[in-house]
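Structures for review follow.
Both of the next two complexes hold chain A, though its partner changes from chain B to chain C.
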Partner chain A sequence: MTAGAVAARRRRPDLLPYLLVAPLALVIVGLAVVPAVYSLVQAFFRVQPLDPPTRFNGFDNFRSLAHNSAVLGSLGNTIAYTVIGMALTTVLGIGMALALQQRFRGRSIVIAVLILPWALPGVVEGIVWSGIWDANVGLFNSALTSFHLVDQYQVFLGSNRWLTILLIEIVQVWQITPLSALLVLAALQNIPDELYEASALDGCSAWSRFVRITLPLARPGIAVAMVQALILTLNVFDQPYVLNGAAETGASLTMQTYFISFQNLDFGAGYALSLLITLATLLLSWVVVRLVYRKVEF
Partner chain B sequence: MALPRLMTIPAAALGVVGLLAACGGNGSDSKTPTAGPTTGVTISVVLATDPPPQAALDAFTKQTGITVKWTNVDWDSLQTKITAAVTAKTYFADATDVDWSRVGQLSKLNAFYPMDELMDTKSLEADMPQLTSFTAGGHVVGVPYDASFSVTTVNKKMFTEAGVALPKTLDEYTAALKTLKSKGTVQYPLNIPFAAAEGLSTYWYQTTAAFGGTVLDDKYKPAFTDPASPGYKAAAWMVDAMKQGLVPPGNINVTDTQGQQTLMAKGQVASVFSDYSGMVGSLYNVPKSSTVVNQVAYLPTPGVTGPGKNNSNPDGIGVPRTAKYAQAAALFIKWFTDADNQADFAGLSGPDKAMPGYALPSHVSAVQKLADKGSLIGGKDLATMLQTSSQPIFPGGAPSWYPQFSQAVYTNLHSAATGSVTVEQALKKIGDTADQLSASGS
Partner chain C sequence: MARRALMTSRHPVRWFGVAFILLWSLIPLYWVVNVSFQTDAEVGSKPAHYLPPHPTLANYKALLSGAGDIPDQVRQGTFNIVVECTVSTVITVVVATLAAYAFARMTFRGRDLLFYGVLATMALPAYATLIPLYRLMSTAGLVNTYTGIILVYVSGFLPLATWIMHNYMVSLPVALEEAASVDGASRMQVLTRIVLPLAMPGVVSTAIITFLFAWGQFLFPLVLSSDISTQPLTVVITALQGRHEVPYALLSAAGVLAITVPAAIAVALNRYVVNGLLAGSVK
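Right, the complex of A and B next:
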């Protein structure tokens, strides 16, 4: 082969990787990127089928959202969902990952069972848990009365805003913690045993090993787990809708997007709220990555 | 209610709808109602109910040359899908659900063909009293295929055990509930679904009708903010029932269907003031889902001085503007809502010809036939109520802003039931919302 032929071959791009990725890329662009860009543009238009035509209205949609008491109430609820959900998911996820890192009989079966809640649709989980929290015939009340902790069945969901949010978020935490645990477990399994052996020889306590070796070296996995928890809790819809209906005590921002768009037929405001939720998700995800993620090399 | 997980990805989901709207044609508005062939075609029918027996559909195909592809989608999801399709102006079905509550909205959107241009609806009026609930702007948006209306149900066994006569007025009814509780017949005698959902709104409308009024006047202005008004009294009565322990405390998160299935059908309560017609035959007397078989009966609505009105809340069927075969769909609707066929679907000619879950025909004559033959439990009472006391919730048809109004109703009444606001505060907020919506006219 001549030097010229070799140079020509080097210049010719290898198209195979692009061809292989193209179908998926087209689907993503068509069903995610283009609609997202379209939503972004439409957020600045008045899009109300009951009051046509569609027309540019600048920031009016955003202004109307800022004065919408239901949206503001849901903003508070959503912040609470996110804070509770991320805290519980992260702590429980790390705890479960540490437990699963130990070798024990039936470990693989435990992992398989553990992932089940994550695989279930949120609506199904809402229905299952409504049977647990139910104030008339619920399992939780039944357990409390069986153990003589309460005299009569108590109302949990809907009676108090913060208790309602906590109980709803527990359901979501039950769903998303398994994935967090697996993400952290994957990070834990990358940590070389030699580090623990050396620390043991140096007389480190278990707590010291956890704080000085495990946590710092598992940060990439913890960061990913926290970001997925953030995205899911910030966009919570199924659990509050099924467990608490449209009540203000538990309505989330994504529920308001649904009500504004598909019930009130004010798509422009719906686009605007979606845009704000998307921007908040991106911004907070970036903050979490900046604060938690560290590149780890062994 | 099963909402797709995609809903949780707001930007993408909304964007897809928007894109479809942008790409969708708007030429459908100009399509003539007679468009499309009427034979040798397959039409898509999407409703929130099981289909009629296959033999009946086959007979329709043989008679008309039209094949029916039936899809059953749960009611809430169906409404979202219809909204998305209507907004995007894309094909969804040739015939689909038109709920009474969305008649105003769908009419204003010009989303469905006027049925009076596709078939003779005038001749239906006499035998189909609830047709008025589907009329907006002088046109019939859909044809009711059932005759659902609000009705009081009572567990007669419990009333007898407590030595209480069946009440005829609201005062007697309230006193009877208190007696049932005080005698220990049942701890919580009344089911009111206080969950923040549509069932709470319709319960209030019916209670308001029993108090002798409507929630909105004929100009769609709120008629419930004055403490002397029926709407105010109805809301106060419902919340008082909760406070006095007549309603299970957990009902603040119980929907209408949950209450029927887990409370009334299980003997946990003695009465549902605003129940749905047909529930006795389709739920309370079904042994596998009920422990109160043959104990529950319909009761003429206890009103202020005697029997009150019964609000209509039927489901209808119509032809979307984007239908591929509008005329064929109209022929199907004519067949599907035919009085004789409805009687068969409701079980007049035995279970082989019956449509699962179909309880009450929209034709009075069909209900009468079923009642005469004894094929409909409580048939005589239902036929009488349908003919004499059923009324549309909004005499002028549901306003286009009804969904927003209803949301204000159920979220605020729910809050009043939890005690976080007073009845007065709740009704003020509902009234303000109604005024605002009515003024904007959207």
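Right, the complex of A and C next:
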């Protein structure tokens, strides 16, 4: 390139990169950043389209949430969904990853089957599992009867709050565990074989290999898996909505956001609740990363 | 020696784990397929039929070629979900690829701010912007239009798609691109002739993951589509499930229709799904 051409380049700013990123920037600013900021501001406003005007009302929306018994009930339900979901997803994910850690004939087929539930729509999975938990036609009832564990069909969903939550959360765990297993598996495959060979020569038991080598070295993968499980379980909507409807025995906080905003048309309170869920998600994700994540280098 | 023993060990615990994965993933799916091949009377039997006693396609025929309110809605919902997923996938992949190329291969003012700003939006839970997006679409007159739903999908899936494409492009060797530009190729020619062919596996992964995410959407289209003209199959089926007169066998057949496409993609193209998910999550 001649000195003149370089100078010409300097004078004329290079527009191509801006053209390439412009559509992305436009969509993200217009449909993510602006709505998020708008939502943050409106949480402190009274917004009721059927009963104007819209005006600043400080923390009134938050106060109304604190006195809303449906919201408080859903807070308990959501904590239960999150705790059960994260525990089951993490344990199952690590277990499944361990089963797939070593190569064997047909492993790629098993992985294809493993990711199947992840790829399907949550609400349709709710319908699929309603065929299992159902009080009249469910597989679970049928199996219990066939094995003579119960005399007659039982109502599982909607009768006992914690049982309902457990059964609904199993459906979500079914959907999100495949990704956890894959993330942990990817971390396991980075662990050098030499470490296992050395431990075998030293006569380590399988359990101590797992606790001393596998678990600590898989922490980056486990941390990412736990964060994704946290975000999804804390924001659970599809499965309780399909399996248990608006019933208080299983409604989640995200469902309350929907009911408050789109059925009660109290958008201000909806913004406030959605802000609280977002803050809780970010804060707890940070806590999980701090507790579980460790940088691992080989 | 130790290595061989370790790598070929037929640990019974391991095979128990593999058997568990297969049963855990497949039993619920087997069950919905099983029910969809039964008549409604057979579905009511206690205990249930673990195999369809007289396998029938009646439920599928009723949905696919039957007349009436429910089949019409299921067919319209199927059309809608295909349109919404396909168009939003194409737009997402094109926009993400162009931006990822700029982020991966060019230096410009504001690059890092924009790149990390886009990624930061992934930390927000998807539903954080549900209400403002609804009100925005409502003001713009885009509620109950394909455009509204597709715009929301694109905005939701772009950060992950950009991230996957960026990671893929960064992993490609720069030497070929430099050779091409020394030979006088413009930067857009380098993108279309050199980078894109090499990045094709990444493009496919991104497209598949975006499509599967779009196919799984429920709450956004529930809010953004007020009637059957734009409601995707997920919303239609859930509405049917809420109407208690809809027979369970028919509902199961509709459920099978809704999972056939994503299940086929996940199984047939699982390598791309796995690579895309890992490229999008780990780093």
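The criterion applied here is as follows: the second predicted complex is superposed on the first by the 272 of 298 C-alpha atoms of A that agree within 3 Å, B and C clash if a C-alpha of one lies under 4 Å from a C-alpha of the other, contacts with A are read in each partner's own complex, and residues count from 1 in each chain.
Keep in mind that, in the parts below, contacts are C-beta pairs under 8 Å (C-beta built on N, C-alpha and C of every residue); 3 or more make two chains touch, one makes a residue touch a chain.
What you are looking at is a predicted structure, and each value in this text was computed from that prediction instead of being measured.
Applying the stated clash criterion after superposition on chain A shows that chain B and chain C collide. In the superposition on chain A, A:102 contacts chain C only, with no contact to chain B.
Looking at the shared chain after the overlay, A:246 reaches chain B, while chain C stays out of its contact range.
By the document's definition of touching, of the two partners only chain B reaches A:259; chain C does not. In the superposed model, A:193 makes contact with chain C only, not with chain B.
Of the two partner chains, chain B is the only one that A:159 touches; chain C does not reach it.
Of the two partner chains, chain C is the only one touched by A:119; chain B is not.
Legend: residue contacts after superposition of the two complexes on their common chain; A:139 is shown touching chain C, with no touch to chain B.
Once the two structures are overlaid, the count of chain A residues touched is higher for C than for its counterpart among chain B and chain C.
With both structures placed on the common chain, the touch criterion links A:20 to chain C but leaves chain B unconnected. Within the superposed three-chain model, A:210 lies out of touch with both chain B and chain C [touch as defined at top].
With the shared chain A as the reference for superposition, chain B clashes with chain C in the stretch 225-233, and the other listed options (99-107, 207-215 or 225-233) are free of clashes. Shared interface residues of chain A (contacting chain B in one complex, chain C in the other): 31-32, 34-36, 38-39, 42, 121-123, 130, 134, 136-138, 153, 235, 237-238, 241-242, 245, 254, 257-258, 261-262, 267, 270-271, 274-275, 277-278.
Taken in their complex, chain B has these residues touching chain A: 1-3, 5, 7-19, 21-22, 80, 83-84, 86-87, 105, 108-109, 195-197, 248-255, 262-263, 268, 400, 403-404, 407, 410-411, 414-415, 418, 420, 442.
Residue ranges of chain C in contact with chain A, taken from their complex: 2-3, 5-7, 9, 11, 14, 16-18, 20-22, 24-29, 31-32, 35, 43-44, 46-48, 50, 95-96, 98-99, 101-103, 106-108, 111, 114, 117-118, 121, 123-136, 151-152, 154-156, 158-159, 162, 187-188, 212, 215-219, 223, 234, 237-238, 241-242, 248, 251-252, 255, 258-259, 262-263, 265-267, 270-271, 273-274, 277-278, 281-282. On chain A, the positions that touch chain C within their shared complex are 14, 16-18, 20-21, 23-25, 27-28, 30-36, 38-39, 42, 95-96, 98-100, 102-103, 108, 110-132, 134, 136-139, 141-143, 145-146, 153, 174, 178-179, 181-183, 186-187, 193, 196-197, 200-201, 206, 220-221, 224, 228, 231, 234-235, 237-238, 241-242, 245, 254, 257-258, 261-262, 267, 270-271, 274-275, 277-278, 281-282, 285. The touching residues of chain A, counted against chain B in their complex, run 31-32, 34-40, 42, 47-51, 70, 121-123, 130, 134-138, 153, 155, 157-159, 235-238, 241-249, 254, 257-259, 261-265, 267, 270-271, 273-275, 277-278.
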